[in-house]
Amino acid sequence: MEQWVRPEAAVTASLTRRPVSKWKKRLPFFIAYGVLGITTMPIILMYIWLLLSSFAKQMKYGFIPVSFTLENWKFLWTNVEHGGTTLPSIWTATWNSFLFSITLTMLEVLIGVMAGYALSRIEFPGRQMLMKTTLILHAFPSVALLIAVYYILNFLGLFDTLFGVLLVKTALQIPMTAWIVKGFFDNVPWDVEWAGLIDGCSRLKVWLTIVLPMIKPGIAAVSIFSFLSGWSEFLLLYMFIVSDDNITLASYLQKLISDPNLVDYGLLSAVSLFYMLPVILFFIFTQKSLMEVSAGGGKGV
Amino acid sequence: MKIELKNLCKSFNKKTNAIDRMNLTVEDGEFVALLGPSGCGKSTTMLMIAGIYKPDSGEIRFDGQLVNDWEPKDRNIGMVFQSYALYPHMTVLENIAFPLKQQKVPKKERMERAKQAAEMVRLGHVLDRKPDELSGGQQQRVALARAIVKKPKVLLLDEPMSNLDARLKIEMREELSRLHKELGITTILVTHDQEEAMMLADRIAVMKDGKIIQYGTPMDLYHRPSDFFVAQFIGTPPMNVFRGKLIGNHLHFLNQSAELNNEQWNTAQGELDVYVGIRPHEVKLGKGGDIRAKGIVQMIEPVGHAQIIRVNIGDEQLRLFAEPTAAIEYESEITVSFHLSSLHLFDVRTGKSLRKEIMKESQTEEMVG
Amino acid sequence: MGSALKKWKLPMIMLGPFVALIFLFFFLPVVLIVILAFTNMDSAMRWEFAGLANFQKMLEDPNLFKIMKNTALYVGFTLLINVCFGFVLGILTTYYIQKEPVSLVFRTIWMLPRMSPPVVYVLLWLWFFDPSEYGVLNSLRALFHMEPVAWLHEHPMTAIILANGIIGASFGMIIFSSAIKSIPKDLFYAASVDGASQWSIIKDIIIPAVRWPLMFVTIWQFLSLITSYEYIFLLTNGGPLFESEVLALYSFHKAFQNFEFGYGSAISLVLVIIALIFSFMMWKWFGMQKMMRSSKIE
């Protein structure tokens, strides 16, 4: 024990050590900002280009606008000619996209809340089994099943209908949504429900007046998430929708892009911006809760 | 190592100072407690001494050397955190050896010294376990061993015992006290538990709103609190307090008046609102003291070696200790008394003590600071 | 009897639509894919069993080696960007930049590509690689008086790896930064008091804390990369020829362009099996029990 008493010698050495210069100390932080700045810059620039290009007649070096015009936004009031044919009105596509996304949101929230509550709170035979299945389906390569889904839609007579694609999209997302909502319910303590029951509410009333309000913020986030996901959906719509009446914004834009004779970045960026509008709006107002949900999506596993 | 804080300031929101022109001297080998309610700035002070927070202005000196800009690792300190902050994926031994590893101590010596430190806190038998396999008390010991393993000149303890149950707390207090005596390291303890501070520390700095209200030995703080806040904060059960008025050298309280000695007490010019304080153990049953009062018994709490009696005197309440054998009945009227000399008087407006000797002391302290 | 029915009624109503959807669009397709893989169904949609013909065809397919190589390259490098760069972003925006508003701005910007509709995101890349002098890369080359390059023709793999890598990096970033943020502050304080260097803090505190998220992101991203082809389809459509064709996209092309549903299903089946093996590994490693425990029923 003796060597423990007042270890003077060991200490004086370190006390005389000079503190490092401020520069060296801050170096890691400068590097951090540098790396982040350099890697983030291209992303910012690309989105700025999208904005500039949509209002520019011509771009110098492909980036600096020469003169401003509203010409590119003409698609809002006239139908775009493309490869000899006329595309349907942008408003048809917008309406379809909106219909698709809003119905998707309602379906997902409704089914997700019901299933989430059942998984979280009700004991029934096969519950463990169902929960495991739900978890597995998170990671299931659903895209690889699209050939079979095509066959099923065909069989049900739902091919080339928005409703058919809606069902597919809901199905692909519902395991994740139900699991997240189940997580919200798990976080509501039983005590709260018991207190409600003791205070004289029925189970349904407790659910409606006490439990549901408690998970409202979570539900709101899930709704936004599924709306945006419906709004952005491309692949399913491209595969299972053929008629122009059912065209959505994603397919509309893709048709423009894939036309080799028409590389009009002005028009393309204007349509893109128009298409991205809800994304941008939601992004600005709800980014915090979005981050939480997208992080929460992975948290379970 | 002697630690001096001079005019230390730190703020987090630019409006109010978390630490406001603070002065504190800790002598070499001393055990000092920073005591105060939560949010009083005691942890901030400690993190500044550790070098994790940098002060906005003022000086921190170790043995006279200015260390404001030194990194924590260059200050040669050991620290125990409230949450223990053990590295979850390392074993107990690896945790304890971690500071040595950072100093590039050779592996063999490192392990030996880590084992030695573990022995000091009686942890020799759990070296290969992970922190989450340990009890709260054991985790605390690991944190302590990790703090002392590099033989620091300063040991900082940030609420180290707030997560332990009452029994373990007492055990750990003894342990800390023993370690401090053995190692003789200058030690600073941050706590909100006045009993803990009283038992462990050589000196206690009572803090409130980023300032030190009083700095002195435990006995000083108990018997001669310079401020109403200190008087209230220290002692269990807490000091009895009545509202009173001081007119000249006449003190009016509990529907009676007493004459104060001009040499002992500062008297008022005209009329002054005061708090009159008396420690429960200074109050006696019966008519033995200078000041007597009649009251109704409201509560009787037996604590083994005594019983604590709560009495209502008019609108005021008073607690006192009575012999465990004394037969006192609930809601009966009893007479209590105490001596004028054991009173504490505080100015309601400033909270300062009106005792002359204490006033003189705190004035000189301020001038030195 | 009556009470058993009553006990079943509530969960049945609540879970009915959920189970129905899963059955219709997960279980049924799996069964169908397995059966289809052994038929040579084409656009006429007739069931004609062909035994192992599709799998034999796969072995003899002259393009398949190239496609497998592409798939490996694509998944490997994209994963590398996803995980490594995601980790770097996570550390930078949480540990090195501790001002929450600043790091939130950076993280938000990195989320932009992820939140943008795929078609828009790909448009940005098409512009970036545009073969004319208006493309980003080519206008940079023009500054040095160099000829424009048809990037998507010359380096299609690089293009699809970059585009997918950046999207995935933001996923890693989110997971890692929330893992790093959940490390108690005291641990960092303790380490700096103990004299830990920057490197040691990363190695001894941050990496052990994100070990599980790291594994999770890797497997999760692997699963989604190996089967998704949306961005590749939009960016290069596997071209030129088969230069950037990956297995999942090939299955899509076979089924919906050549209308060889049987052969497409066989390829899909291979993908599903690979994915299932990895899902199973994930299940084992991450301990399903641990996840299930989070919700107790009283």
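Every chain is named by a letter (A, B and C) in the order it is written, and numbering of its residues begins at 1.
One rule holds for everything that comes next: a contact is a pair of C-beta atoms (placed from the backbone, for glycine too) under 8 Å apart; a residue touches a chain by one contact, two chains touch by 3 or more.
Chains and their UniProt names: A = Carbohydrate ABC transporter membrane protein 2, CUT1 family; B = Carbohydrate ABC transporter ATP-binding protein, CUT1 family; C = Carbohydrate ABC transporter membrane protein 1, CUT1 family.
Model, not experiment: these values are computed from the prediction.
**Student:** Which one of the chains is farthest from subunit A, going by Cα centres?
**Tutor:** Farthest chain from subunit A, going by C-alpha centroids: B.
**Student:** Please indicate the chain closest to the centre of the assembly, with centres calculated from CA atoms only.
**Tutor:** A
**Student:** Determine the centre-to-centre distance between subunit B and subunit C, using the mean Cα coordinates as centres, and give it in whole Å.
**Tutor:** Distance between chain centres: 57 Å.
**Student:** State, to the nearest whole Å, the distance from the C-alpha centre of subunit A to the C-alpha centre of subunit B.
**Tutor:** About 53 Å separates the centre of subunit A from that of subunit B.
**Student:** At what distance in angstrom does the C-alpha mean of subunit C lie from that of subunit A?
**Tutor:** 14
**Student:** Please list all residues of subunit B that touch 2 or more other chains.
**Tutor:** In subunit B, residues 71 touch at least two other chains, as defined above.
**Student:** Which part of subunit C faces subunit A closely enough to touch in the complex?
**Tutor:** The touching residues are 7-8, 10-11, 13-15, 17-19, 21-22, 24-26, 28-30, 32-33, 36, 45, 85, 88-89, 92-93, 96-97, 104, 106-113, 115-120, 122-124, 126-128, 130, 132-136, 138-139, 142-143, 166, 171, 174-175, 178, 198, 213, 216-217, 219-220, 223-224, 226-230, 233-234, 248, 251-252, 255-256, 261, 264-265, 268, 271-272, 275, 278-279, 282-283, 286, 288, 291-292, 294-295, 297-298.
**Student:** How about subunit C: which of its residues touch subunit B in the complex?
**Tutor:** On the subunit C side, the touching residues are 184, 186-187, 189-197, 200, 204-205, 208-209, 211.
**Student:** Using the touch rule from the top, collect the residues of subunit B that touch subunit C in their complex.
**Tutor:** 47, 50-52, 71-73, 77-79, 81-85, 87-90, 98-99, 102-103, 146, 150, 156
**Student:** For the complex, give me every residue of subunit A touching subunit C.
**Tutor:** Touching subunit C: residues 28-29, 32-33, 35-36, 39-40, 43-44, 46-47, 49-50, 59, 61-63, 110-112, 114-115, 117-124, 127-128, 130-133, 135-137, 139-152, 154, 167-168, 170-172, 174-175, 178, 182-183, 186, 190, 228, 231-232, 234-235, 239, 249-250, 253-254, 257, 263, 265, 268-269, 272, 275-276, 279, 283, 287-288, 290-291, 294-295, 298-301 of subunit A.
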